[in-house]
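Take a look at the structures below.
One chain, subunit A, appears in both complexes that follow, with subunit B as partner in the first and subunit C in the second.
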Partner chain A sequence: MIRVTHLMIIRTLSPPFPTVCESIMISAIEQIGRVTLRTSSSVGSTLSFAARVFLRMFERRSYNSASRMVLINQIYFTSVQILPLFLFVAVIFGAMVNGMVFQLIKKIGQTDYLGRLLMGFVVMEISPFVTVLLIALRSSSAINAEIAVMKVNRELSTLEIFNIDLIDYLFVPRVLNGILSMVFLSSLFSLVVLSIGLFVSSVIFGTSVDAYIDTLLRSASLLDMIIVWFKCAAFGFFITLIPIILGMNASQELTSIPVAVLNGMVKVFSAIIIIEVLSSIVRFI
Partner chain B sequence: MRFFESEEELQEKLRDFITAHKSRLGLVSLEAPLISNLPVWSNIALIRQYHQNMSWHEAKITIDRLLHRMGMDSIAEKRNPSLTKEERFYAMLLRAAMVRDAVVVLDKPFSILTNLRDGHFLMHILHKVDDLIAEAHIFDYSWAKERYGVTADAED
Partner chain C sequence: MQKIELKVGLFVTITLLLIMASIGYVAYKKDMFSKVYTYTLSSKTGENLTEGMPVVFWGFNIGRVSSLELIDQGVLIQIKIPERHNRVIRSNSKFVLDKPLFGASRIVVETDNLNAPPLSPKTVSEISVSNDINEMIKRALPIVDKADRIMANVEQVTEKLADPGGDVNRILKNTETVTANLADPKGDVNRILKNAEALTARFAKKESVLEMAVGNTESVKSVHEALANVRDITVRIDKILAKADSITGKTGEEIYGPDGVLPLVRDILRDLVAKLTKIDTTLDNINKVSAEAVDSTKDLKVLRSELDAAITAIGNLAEELNRKIPFKAKPEIKLP
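Moving on, here comes the complex of A and B:
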């Protein structure tokens, strides 16, 4: 039916085509249609599942003893185990970024912009981005593989047999952990980078601690902080939810596990880019 | 005990039984494996922690006591892949028994305990958890009757 409609439209709008050219164009249009339908259906189902999990996060029954235990374990795996690597990356990154920023400020002689540059660039952009990349690389892939393995091993159906709700027991703790860990680790990253900034600024400009903090506080706005917290929460929500959905999509075959993880990670990175762009649009509007 | 001639018939009756007893069902089956990223005690405790909101501490004490009663203290911290067939069966049975007023269903138990010659071990183990469960049902093939010591053609 769609094929006929496309053909009719092309025939009505354009002069007669050679048959081969016509069929290539029709199949191209069909392909675009198929991709659009598939993408919109996938986005639609992801958002509808996201809404279900989000609403369940506010229900008291989601926080029984078993779910709380999962939440504690997840926080340990995501936020505590990663700390040595995370702090190392934060220190290296902090030294590099601060070195560049302070050299630039010194060169152009615009010390008034120091606070704005650090708050706008480091706290608002760099910290959430580096944090989400580290968590996605480590925890999202682990969650994706874990859920896919549970699906293949029929462990998810075991939970259902014992009347254990998958959203309450498996998904809410993981998603909540994603949100909490993102906000906590991003704040920690900012703190480390800004502390290194204090050290560099006292060495290059001889700035005192009070003056440095005062400069930062004057450059910080409440709206910006709310946006960055929302951004971190959105990152945390989607980089845990998407791997869960893709893990659930695994079939009963072992070979579906790497496929599920691969697809999941691609979608996680797409989500990171989309959230980053949306938050920038909101911020600059 | 319920015996069936074919896999299809067994699966159909089992499905009907599961649907009818959904809220009190404690299934012991290869189709309901232990959760592989949890130790045995957590697998068993999960049912009470989730449905009765039993605290972690209380659940640990309860399960340790149960495992001790079964002579299985050593498996508390083990995970599914490192269990022997008997240990796995104990863990699955105890998990099933944790359901309130449990209707325990043993689905082809000899497919889990492949090394067993007859049903004496099964009866012995079921007696040990007698006080924890309300009903126990065994679903198996009719040709396995002898292994249970059943000679009559009738079910049960």
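Moving on, here comes the complex of A and C:
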């Protein structure tokens, strides 16, 4: 009799079971809504900022002497300084990939697909991907940290006080550098890999230079090359723009710098994957 | 700063030059700077036709399909041929849509006479279809029929194998019987072997081939006796001849005269030679008998009779000689 009374008391005090389920579901939906809004707001602000920077790139006033100097410095640090390492990686990677491709082609006896494999796989996919990874690892992280440090040290505020346009002076040269460096370095990577392929083909298959070039030409198409350059440009644009945005999101505290760099690199990696998928969709559809 | 500018400038210039050279080379090789001729083909269906598909002549790509257009009568196909390959497109050229079993379809240009006048771009040539798959199926049908027949035969064989009273099982049973017979010590084969063994043992016990041939020792003895008689006869003939020699030494005229002994002797000798020849033949026959193992005793009896006749003839001859020899006392005829 006493137990029954206790149970009755507990049931009277606690809310009914359907009410608990409803509240959990509502909070979950709210959470989804919050994340969606935050993400869409973030994506929206990023795209809006990207559009502003992109449009500013085509304005002549963006290229004053100070901006040009920043652009040259950025190209030097991003492309020229990395060039020996980049070429070394291209040679090693080219020898490895070409060796694997040629051995595979030889084993399955499908030499007709050699050109298609080299152009479609190495030039269209591998070269931009390896280049963007190298630039992202080296330059994107540096840009992210640089902007975050400038934000923490209030340098960005100071520049604005002096009426210096941040987009013209800081962002456009970096983004343009990203685009140019990606296109140039990816093209160089492709040329080096194809040159290594020429060497490997003459060693493994004993083919002549003309036959190798003819094989490549049969598979090469200008449309594919244009798509690759657009892809590289998109890579360069976003792997420099995202670190800039994340660097600007840093607070006034020094501890926010590594957090900004970390978030920036994760988003850069996500952007790389998204662009890769989109370019594949464009190519094959 | 100037150093950095120089390095960046060099990097940008060299890379741009490389990119431009690559694009230019690809564009040149793809005949993007040369004049391109466009020809129109027609087809009743657009199946297996795609934009960009290659146009091939003697295995070489000479152009591509630039566009496809659906009309009331079928499909119009426009192909683009660069100027350097345009010489193979003639008025007698045939265009065949080739659908290989593996790989993509292509339009094959067949031109018998390259000196024929060039094909007018306004001419609409009809495309014919060559379907490798259908041809393969046509070729494969007889093979499939044969395979069916083979399978039916295999089925029959397996049925016979499965049938306990079938040919194969009977052969196996017979084989089993034969092998059992071979294995059985009292079997036919073993008996044959034993008989052969006994026969060879018997052969081994015989003293001569002749005995083996005639089968009994009596016949062999008879042959030996006949031979001994012949030997005696020859000895006697030798003696007679010796006597004849002595006679010829003493009585030349009687011997050498026309009615002398010698012609007579000669005749006798001729007869004797003939007999001896017969004896030789007989001996040869005997040898033949012994060699070839003639098992007939009939020939031996003939031989014996011939030998007897020869002996009798020789005995008569000897008597005749005795009668005609001059120095021998003339026989007295006793009157009654």
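Definition applied: the second predicted complex is superposed on the first by the 268 of 285 C-alpha atoms of A that agree within 3 Å, B and C clash if a C-alpha of one lies under 4 Å from a C-alpha of the other, contacts with A are read in each partner's own complex, and residues count from 1 in each chain.
The working rule: a residue touches a chain if its C-beta (ideal position, glycine included) is under 8 Å from a C-beta of that chain, and two chains touch if they have at least 3 such contacts.
Quick caveat, the model's predicted, so the values are computed rather than measured.
For the composite obtained by superposing both complexes on subunit A, the positions of subunit B and subunit C are free of clash and fit together.
Touch criterion met: A:L222 reaches subunit C, while subunit B stays clear of it. When the two complexes are overlaid on their common chain A, residue A:E155 makes contact with subunit B while staying clear of subunit C. When the two complexes are overlaid on their common chain A, residue A:S280 makes contact with neither subunit B nor subunit C. Using the contact criterion defined above for the overlaid structures, shared-chain residue A:S256 touches neither subunit B nor subunit C, since it reaches no partner.
Residue contacts after overlaying the shared chain place A:F184 against subunit C, while subunit B stays out of touching range. Of the two partner chains, subunit C is the only one touched by A:Y76; subunit B is not.
In the superposition on chain A, A:S65 makes contact with subunit B only, while subunit C stays out of contact range. The minimum CA-CA separation between subunit B and subunit C in the overlaid arrangement is 9 Å, rounded to the whole angstrom.
Within subunit A, the residues touched by subunit B in the first complex and by subunit C in the second are 69.
The touching residues of subunit A, counted against subunit C in their complex, run 69, 72-73, 75-76, 79-80, 83, 180, 184, 187-188, 191, 213, 217-218, 220, 222, 225. Residues of subunit C touching subunit A in their complex: 1, 4-5, 7-8, 11-12, 15-16, 18-19, 22-23, 26-27, 29-30, 32, 61. If you check the complex, the residues on subunit A that touch subunit B are 64-67, 69, 146, 149-150, 153-155, 157-159, 161-164, 168-169. Residues 18, 22-23, 25-27, 31-37, 42, 45-47, 49-51, 53-56, 59, 95, 99 of subunit B are the ones touching subunit A in the complex.
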